[in-house]
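My questions will all concern the structure given below.
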Amino acid sequence: MREVRKEELMNMFHTQAPISRYFGMRMSFSEDGSAIVELPYNPNLDHALGGIHGGVYATMLDTAGWFTVAVARGDSSWVVTSEITVRYLEPVEKMSLRAIGKLIRQGKRQDVAEMHLIDERDRLVGHATGAFMVIPQNPMTAKDETG
Amino acid sequence: MREVRKEELMNMFHTQAPISRYFGMRMSFSEDGSAIVELPYNPNLDHALGGIHGGVYATMLDTAGWFTVAVARGDSSWVVTSEITVRYLEPVEKMSLRAIGKLIRQGKRQDVAEMHLIDERDRLVGHATGAFMVIPQNPMTAKDETG
Amino acid sequence: MREVRKEELMNMFHTQAPISRYFGMRMSFSEDGSAIVELPYNPNLDHALGGIHGGVYATMLDTAGWFTVAVARGDSSWVVTSEITVRYLEPVEKMSLRAIGKLIRQGKRQDVAEMHLIDERDRLVGHATGAFMVIPQNPMTAKDETG
Amino acid sequence: MREVRKEELMNMFHTQAPISRYFGMRMSFSEDGSAIVELPYNPNLDHALGGIHGGVYATMLDTAGWFTVAVARGDSSWVVTSEITVRYLEPVEKMSLRAIGKLIRQGKRQDVAEMHLIDERDRLVGHATGAFMVIPQNPMTAKDETG
């Protein structure tokens, strides 16, 4: 059941989200439902001093959190990211990155997740927590929703 | 003096930051030193449901905050984004966006800025505050620094 | 109409909230609906080095944000603080403090406010933004609600 | 060595911090260095609807994070709370609370910690992460410092 949901969400991300291809992100789930977002080094996403832009950290952390929360909900409800607090711990240059989500709490109105960003040397380079509002609706109409 | 600094930073962003071209972002400064980041609609940055990905909000808000803080410092010191809290207020589809920075406080060790994200109908669609650590160093070596 | 609501909320805070008396906080509203929380210096709230504890900053900023959001809603709905990001800008010793709320955005499911903390020399010593979830319910039952 | 530091910090909190007595907070450390802040129910800290005020959550979470970071540093440097993001997950009434800190990352200029707030039924009722700036100075002069 949850395996079906994982497949649906992975498929949605890889085939329907233009940003996944444009960045080069791949998403999968661990057995216990943590979303893992991987990004091989993409020089188009560097900032002016040759490091990977902080916006890439935020994008990966947000994505890992959202999918971790979404897969835990099943398909009867939907979530939208409401807020994310991103901490930039280490600068990174010319490296692949991996963001991993972890569900902190599932609630009636909002879920909370924690996300870690790891570089290819296994250093913790970014950290985030996020709040995701629950929308009791079909995903296909959810895009018109506001938080 | 500060006008020279503005030109240097704009030039740095537009000619040396690959992400500015890849997203299609342009950056300028208001008279009073607020950085303004503009992004025409780029379909490559959409999420799976056809809206603009939250990571784009975060990238633009972070960039507007960083440049607002950097121009206020002059060229004798440097800043790195330490943390950013991003609030997603409204979803946006197929629209240009504009992020505007505002300096909240300049400190000895860190600066704080507030950032607004506005869509082409002038709605407030995102909000952020960020902390930017001060690094007393030449920009060209600053890239090896850690927060 | 809104004046009545202001009176109700002020009365509620001063007569029913034990923490208001225990800290020594007083709350009022500006004409445009910003909640203002004032606290004369209370030595019981100092930390070990003689400054005012950061928890006092957070308490005052949270309170100013909550009442600003609550008065703007009128009495047909209720809000609970969902998350608050507090920035400690300056340490303060033996001084009165004043927190002021400002509504950033009113939404269907949550409101966002910004709060400033000012010391008696008019320095900005703390800053916060917060998210407040809307609960479509009578206040008297709202206390059993969860976010 | 670290045991000595633990004793010093516990002693500092219990004998020199007026707020610890005023709230009724006790602080200790786990073997691995997590600060644990405990608070028996204190009706003076309730809000108007009979629950424990959010400012108490923030105070306990901030304290648990600060002491966790401080004990890990030893006595040659000092830290000040720079920012804390507090999430209110569940309301609590008439219960003791326990906040627990966890070091996420130790850096050159700032440390990051995560904190959990647990009620007497072992529910997770609050969560926070915080940034703590490092100040290379003797604690006794640190109180005049600004972030």
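List of remarks:
Per-chain residue numbering starts at 1, and chain names A, B, C and D are given in the order in which the chains are listed.
In this text, a residue touches a chain if its C-beta (ideal position, glycine included) is under 8 Å from a C-beta of that chain, and two chains touch if they have at least 3 such contacts.
Here the structure is a predicted model, which is why all the values come from computation and not from measurement.
Think of it this way: of B-C, A-C or A-B, only one pair shares over half of the C-D contact pairs by residue number, and it is A-B.
Interface comparison, A-B versus A-D: the pair with the greater number of contacting C-beta pairs is A-B.
One finds 29 Å separating the Cα centroids of subunit A and subunit D.
Work out the mean CA point of subunit B and of subunit D, and you get 32 Å between them.
Averaged C-alpha coordinates give centres for subunit A and subunit B that are 21 Å from one another. Looking at subunit D, residues 82-83, 85, 87, 89, 107, 131, 146-147 sit in touch with two or more other chains. On subunit C, the positions that touch subunit A within their shared complex are 82-83, 85, 107-110, 131, 133, 146-147. Only residues 12-13, 16-19, 21-22, 43-51, 53-56, 58-60, 62-63, 66, 80-91, 93, 139-140, 142-147 of subunit D touch subunit C when the two sit together in their complex.
Residue ranges on subunit D touching subunit A, taken from their complex, read 85, 87, 89, 104-105, 107, 112, 114, 124, 127, 129, 131.
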